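Listed next: structures, encoded as structure tokens.
Next, two complexes with chain A in common: one pairs it with chain B, the other with chain C.
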Partner chain A sequence: MDAITGKELILACSAIGAGLAMIAGIGAGIGQGYAAGKGAEAVGKQPEAQGEIIKTMLLGAAVAETTGIYGLIIALILLFANPFV
Partner chain B sequence: MEGGFGARIVFTLPGGIPVTETVTTTWIIMAVLIGCSYVFTRNFKKIPKGMQNFIEVLVNGIYNFTEQTMGQDKIGFAPYIGTIIIYIGFSNLSGLFGFRPPTADVNTTLGLSMITFFMIHGFGMKKKGVGTYLKGFTEPFWIMTPLNVIGELATPISLAFRLFGNIVGGTIIMGLLYGALAAFSTKLGITIPILQAAIPVPLHLYFDVFAGLLQSFIFTILTMVSVSMAMD
Partner chain C sequence: MGHTWTLQKRIFKYTFYILITFILVSIIFLKTPKDMILGLIFGTAIGVLNFRLLSITLEKTASMGQRRMQVYATSQYLVRYIINGIVIFVGIRADYLNIIGVIIGLVLVKFVIVGSSILNHLLFSKNRFIRKEER
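Moving on to the complex of A and B:
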């Protein structure tokens, strides 16, 4: 078995780091689920305001998604534009 | 995955300036939008028919949307809002035609969000006066100033990365799926990647049509909210 070079070690650790960065998806998932749940609750209370509720809910879900997207960008940088190599 | 998922360089201008796929796709979208606006807005009639109906509904919708979100006094932003929502919508949908969406490049999205950034601060200063505007950063206490400044600087970055991350994530998943389907077809002994025919359709519907249109809507609505908050 060949010895592991420094570059290979960095690449391997970057791949692990990319996987760990995607844990950020949990927060976005919880946030979006909360937004959707509250949206469903609001439609149940006030079915006539459905259009407005959906608009607000989508906006809130997109904002909640941002942290997950940051994690995705970190993972993409580690995989495709690695600053350490 | 040679070369990763970055934008391809199509040709290099004399002087060594690379022109990427992002720029050429933007040119195509610009040509389509200019062509459509020229063709559809010629000889308007008093009584609309055909395409004119659709255009009137679209323009009215954008004006109503702006009025609802920003208020009656800021209706003058409607042309800009309409332009960015149509441009980002077309950019995101261009993935359906086999292009790499221009919004899957951080340069495009950061450029768009810098426009929003300068609009927020420019119109804020114009409306409130420079002194009052700058004083707004020290609220509620003077000690909050660094936090307020960082918060203002984070707005364009979060806008840009939200759009970029969504579109590039979709592009990468579609690329992986197409690659896997091609490899699987080869494994089955078919030289033409026949499996690529119908299987990606639901993913295209989600990533290009649903997420793309939703993100263009989100980008514009956040722009409108930030600008009108800075002006109030």
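Moving on to the complex of A and C:
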């Protein structure tokens, strides 16, 4: 059996790191779905405030998405533009 | 255009101003600004379209039931996530785009939202202790 070289080890660890970084996307997705559900509940309770509720939800959802994008960026950089190799 | 069109227009306007500022800064400080400018424009265009997609999704889901809305919002989030992934992949692979510029462009809309909230808070805090007659 051939010995594992340093580069191969780095590539393997990078793939594991990319997979771990993708976990960041799950939290943002669940959070956004939960917030949207609560928004629907709020609109149901107070239909006259629909505009304000959607505005607040839009800003919150847009900011919540950012953490998922950061994880995705780290994963893709580790896979396709690895700075350690 | 829905309840949020005014808010969207305001955010798009500020995003455009900050994009222009970033482009000017990259022209002044970078030796080869073309890649950076192209990356910034590409990233910002997709970021703005993603934000528009998010607002359309939320406006559409306002009339749904809570359970259906959760599923729909999460599935639309996955669609936007995949779009972001493709954009970042193209930014990494294409030689004529700077990946840093693409990433800055993608999160520029979020910077505008957080920045305007902080600015509003600071202005509110500053004006809170000024008497009405002095304003």
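By definition in this document, the second predicted complex is superposed on the first by the 82 of 85 C-alpha atoms of A that agree within 3 Å, B and C clash if a C-alpha of one lies under 4 Å from a C-alpha of the other, contacts with A are read in each partner's own complex, and residues count from 1 in each chain.
Note that in this section a residue touches a chain if its C-beta (ideal position, glycine included) is under 8 Å from a C-beta of that chain, and two chains touch if they have at least 3 such contacts.
The shown structure was predicted, so the numbers you read here are calculated from the model rather than taken from an experiment.
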Overlay on chain A: chain C relative to chain B, clash or fit: clash
Just chain B (first), just chain C (second), both, or neither: which does A:81 touch? both
Mind working out whether A:21 is in touch with chain B, chain C, both or neither, as first, second, both or neither? neither
For A:73, is the partner it touches chain B (first), chain C (second), both, or none of the two (neither)? both
For A:29, using the defined touch cut-off, is the partner it touches chain B, chain C, both, or neither? Pick first, second, both or neither. second
Which partner does A:57 contact after superposing on A: first (chain B), second (chain C), both, neither? second
See if chain A has more residues touched by chain B or by chain C, and give me that chain. C
Would you mind listing the overlap between the chain B footprint and the chain C footprint on chain A? 58-59, 62-63, 65-66, 69, 72-73, 76, 80-81
Which of the residues in chain C end up touching chain A in this complex? 2-4, 7, 51, 54-55, 58-59, 61-62, 64-67, 69-74, 77-78, 80-81, 84-85, 88-89, 92-93, 99, 103, 106-107, 109-110, 113-114, 117
Going by the contact rule at the top, pick out the chain B residues touching chain A in the complex. 4-6, 158, 161-162, 164-166, 168-169, 172, 214-215, 217-218, 221-222
Chain A to chain B touching residues, read off their complex: 58-59, 62-63, 65-66, 69-70, 72-73, 76, 79-81
Complex contact set, residues of chain A against chain C: 25, 28-30, 32-37, 39-41, 43-44, 50-51, 54-55, 57-59, 61-63, 65-66, 68-69, 72-73, 76-77, 80-81
